[in-house]
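Read through the structures below before going on.
One chain, subunit A, links the two complexes that follow: it is found with subunit B in the first and with subunit C in the second.
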Partner chain A sequence: MVLAAGVLLVGVSYAVEPFRNFQLATVAAYLCATAGLTVLTGLNGQLSLGHGALMATGAYTVALCQNAFADRGMTGGWLLPISLTAAIVSTVAVGAVVGVAAARLRGPYLAGVTLAVAVVVPALAVTFDGVFNGEQGLSVPVEPPPLALGPYFPYERWQLWLTGAATLLVLLLLANLIRSRYGRTFRAVRDDEVAARLAGIHVARTQVLAFVVSAATAGLGGALLAVLAQSVSPGAFSLTLSLFLLMAVVIGGLGRLAGAVWGAVLLVALPDLTHSVTELLTLSPAVAQRLEGNLPLAIFGLTLIVVMIAAPGGIQGLLSGLGRRLRARRS
Partner chain B sequence: MDRFVFLTIDGLSRGAVYAAFALALVLIWRAARVVNFAQGAMAVAAAYVAYTVATATGSYWLGFLVAIGAGLLLGALVDRVVMRHVDHASPLNPVIVALGLVLLIQAVLGMVYGNEFRPAEAPFSRSALTVAGVAVLSPYDLFVFAAIGVVVSGLAWMFARTPVGLRMRAAAFAPEVSRLLGVNVGGMLTLGWALASGVGALAAMLVLPTELGLHPHAMDLVFVSAFTGAVVGGLDSPPGAVVGGLVVGLLLSYVSGYAGSDLTPLAVLVLLLAVLLVRPGGLFAPVAARRV
Partner chain C sequence: MERGLELHHIGVRFGGLTALDDVSLRVPPNRVVGVIGPNGAGKTTLFNVICGFVAPESGSLTLDGRPLRPRPHRLTRLGIARTLQGTGLFAGLSVVENVMTGASHTARAGFASALLGLPASDRDERRLREHALAILDDLGIAAHADAAPSTLPFAVRQRVALARALAARPRLLLLDEPAGGLGADDIAELAELVRQLPRRDADPCAVLLVEHHMDLVMAVCDELVVLDFGRVIATGTPDQVRDDPAVTDAYLGATVEEVSP
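Let's turn to the complex of A and B:
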């Protein structure tokens, strides 16, 4: 399945224009984060509003590593994987701290703490502007594609290969995790903590593990996003991003990796779609500017409310319900 | 010493606003077992309505009254149109819906008013009066204390002494029994939402002139601070929320005065984590029965 997806991705990367390649790469980067979040929230029942902040941690780590390598004049294709690993390690550390606190908290308390994390972490980048360069953020120097691929290899295609490979690896690992013993303990803890404890599951340890796994993928997602944009700034990792991620997994269908894919696609497609719609309507520039940033937000918010009330299973829930009904009719 | 006095007064004035906001959170939590994460956005929406009315009519006080009214109305609307229909089986659902409301409200405000800061005017001077050479209170601080004092004691009186307050407490405490006894439980819930949202709107009107001004995201940090205040006091305790709000206001004022205003968000996070890890039920919680 993963191999097939990989082959498909390479095929698509040749078939479509560079800008679409870049968009697909962005989808892949978001997918890392949404897949991790859906495991945490959907399977383990822990709500996190702080995943935007975890993505920021990964993004800034990559930026600092790549800058450090560039300052020392080191070049080579093997540097980026090292930086990405460093990003994962640093986010795992942050995720472990938040996760230990989170394991003791329930419901609204957990949401409140992670909300505070999401509001505070971008502010830290401004506070310690000696390291993080304040509101302007850092640039991320990234190597061009290897020469072996030919001199005219489009940069966007290389970006898609890079992020696509990383994301497919993440999805493979997560899918295996969900089907393993750990995935079952995640679900057991979500459904009934007391029963899980009676069955010999260490509840707190399971929750911390889920948080750490989820943080690692969020960190990788943020790092990939930084590599794609070749820059990081606190504005890109605001509270809105955290809400977006949550929204994406809820609308896609909580607890399902396929739902995370739908969510990540929506995150990139919806702003693009509203942009083309506002271009179609003839509006004054001031109105258009106001609409462009806010219309996707409004649609996201409204969809989230409607989905939560009318179809709590999300897109993937609707699809599998449809599939079941078709099969039932046939038999 | 002068500085300490000034920071204390400033902190109490800020804390009074956080206390009102935390009180609004506690009101909804007690009535519906929902932490209203959309409270900040709803309050900002009311403040924008006040801004429109005040610029159209030139009267701050008319805008002020309209803001409270808009807050009450918005609260009732949110309960009737949205929250009533959410499945409360999982505690995640109302939180997620509230976050959807945050996005929706902020986006609509951004579309109507634009994402730039607008000046929020204060009805009284914000420069401090000096008593014996020490800068103490500004007329605006007095106004804040008076407004919050009236609202808090009014709510306390309502809940303790009036039939409506008794019904609201009954509906929150034992919905089934109160319904059998003829209490309109749904109506009480809507009233609770309206009251909380009105108090939130008042808090926004009071705090915005002391910050950067009107902005769709202006209440984000205020919400986090007020939530911290509510948690410090224990989400179930209205007096706790007031004390917790004042504590958070004082802490933020001292941190920004002695260590730099950049560090205040971090201080809020540290306080929130510390309280939750040491005493998750808040400082005013009764000793909980043992959990299985």
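Let's turn to the complex of A and C:
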């Protein structure tokens, strides 16, 4: 399945124009984060409003690593995987701390703590501007595609290959985890903590594990975004991003990896769509700019409300429902 | 080797309220012991002490003579399983997954092998599934293995909860009001099932039963403990307890002589 998706991705990367390649690469980066978040919120029942901040942690780590390598004049294709791994490790560390706190909290209190994380992390980046360069952010030096691919290999196609490969790996690992006893245990803890404890499950440990797993994927997603944009700044990882991520997985279909795919597609497609809408309406530049900033959030909010009323299982729930009905009619 | 679970002079207080006062009892291996008493007598608190949800202020517990400091998630490792009032099933898990989860402490596959999808992880899940299916088959509900619990009648769900507890292969099974919400026929079947538990060839177990339903208690228990206001007011065989004036007193608030003119 993953192999087929990989082949499909390579095929698509040749079929579409560079800009679409870049957009697909962005979808892949977001997908890392939404896939982890849907495991945490959908399967383990922990609400996180702080995943944008975890993405920022990964993004800044990759930026610092790549800059450190560049400053020392080190080059080579193996540096980026090291930086990405460092991004995962640092986000896992942050995620573990937040996860330990999260395991002691429920409902609104959990939302509050993760919200604080979402607000604090970008603020830290601004405060310690010696390291993180404040609002300006950092540039992320990334090497060109390897020469083996030919001298005129489009950079965007290379970006898609890179993020696509990383994301497919993440999806494969998450799918394995969901199928294993850990996936079952995550859901059991979500459904009834008392019964889970009596069944021999260490509830707090399970919750921390789920948080750490989703933090790792969010960190990788953020790192990939930074690599794609070749820069990182606090503005890109605001509270709005955390809200977008959560809305995306709910609209896509909570607790399903396929739903996370829909969510990631929406995250990239909706701002694009609002841009086209504001261009259609001839508006003064100031109004257009304000609309473009806020319209995606408004559209996302509206979509969320409509989806929750019309299809509580999200897009994926709707699709699998349709599939079931079609099969039933045929047989 | 006739020890089993023992409670020695357990005392529990919530604020000014004495929930349990100097309660001692014993559940010998492969016997069925019932705990009865009016509402608020301390029955559920007693279970919560055994499971480690409530720490006793005084007294101690022993299991086969060894001191026991129960913690909920370690219970099944000690050979103790408990069902919950209602059913406490995991709504998002299928019936067979619910039962598999009951044997969580026997799962061996590590996190890395689960993440990488190694055969060891799949083998582990397969073994748990077969174990769970065998138990469902024993209880006559194997046909519902893949159903969602919410689609099943209450009596079946109750049985799934029992299957989940039995999946841990307990030596001692704690049943918290298993007859609650069941009809007369279902209760008769349940009684037969509980009576068989200590006599099975495979994984026999002792039972400690908290129950309101007198017919069930009288039918299945080898021994009864009667609680009232957190104190043990009577112990003995069902027949002995039935004739104990202190028990009638606790249940009716007064002896029959006092009430009748």
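Criterion: the second predicted complex is superposed on the first by the 329 of 331 C-alpha atoms of A that agree within 3 Å, B and C clash if a C-alpha of one lies under 4 Å from a C-alpha of the other, contacts with A are read in each partner's own complex, and residues count from 1 in each chain.
As a convention for this text, a residue touches a chain if its C-beta (ideal position, glycine included) is under 8 Å from a C-beta of that chain, and two chains touch if they have at least 3 such contacts.
Please read all numbers here as calculations on a predicted model, not as lab measurements.
> Could you tell me whether subunit B and subunit C fit or clash when both sit on subunit A in the superposition?
Here the two partners, once superposed via subunit A, fit next to each other without clashing.
> First (subunit B), second (subunit C), both or neither: which does A:176 touch?
In the superposition, A:176 contacts subunit C only.
> Kindly classify A:124 by the partners it touches after superposition: subunit B alone (first), subunit C alone (second), both, or neither?
It touches subunit B, and subunit C stays clear.
> Examine A:215 and indicate which partner it touches, taking first as subunit B and second as subunit C; both and neither are also allowed.
In the superposition, A:215 contacts neither subunit B nor subunit C.
> Look at A:94 in the shared chain and tell me whether it touches subunit B only, subunit C only, both, or neither; answer first, second, both or neither.
Neither partner.
> Given the touch rule stated above, what does A:37 touch, subunit B (first), subunit C (second), both, or neither?
After superposing on A, A:37 lies clear of both subunit B and subunit C.
> What is the contact status of A:194 with respect to subunit B (first) and subunit C (second): first, second, both, or neither?
both
> Can you report the least C-alpha distance between subunit B and subunit C in the superposed arrangement, rounded to whole Å?
Minimum over all C-alpha pairs of subunit B and subunit C: 5 Å.
> Across the two complexes, find the residues of subunit A that touch subunit B and also touch subunit C.
194
> Any idea which subunit B residues touch subunit A in the complex?
29, 34-35, 37, 82, 85-87, 90-93, 95-97, 99-108, 110-111, 114-115, 217, 220-221, 224, 227-228, 231, 235, 260, 262-263, 265-266, 268-269, 272-273, 276-277, 280, 292
> In the complex of these two chains, what residues of subunit A are touching subunit B?
Within the complex, subunit A contacts subunit B at residues 41, 45, 47, 49, 101, 104-109, 111-113, 115-117, 119-120, 123-124, 126-127, 194, 239-240, 243, 246-247, 250, 286, 290-291, 293-298, 300-305, 308-309, 312.
> Please give the residue numbers of subunit A that touch subunit C in the complex, ascending.
172-173, 175-177, 179-182, 184-185, 187-188, 190-192, 194-203, 209
> Help me check something: in the complex, which residues belonging to subunit C touch subunit A?
Residues in contact with subunit A: 51, 53, 72-77, 81-82, 84, 88-93, 97, 100-105, 107, 109, 111, 114-117, 121-122, 124-125, 128, 164, 168.
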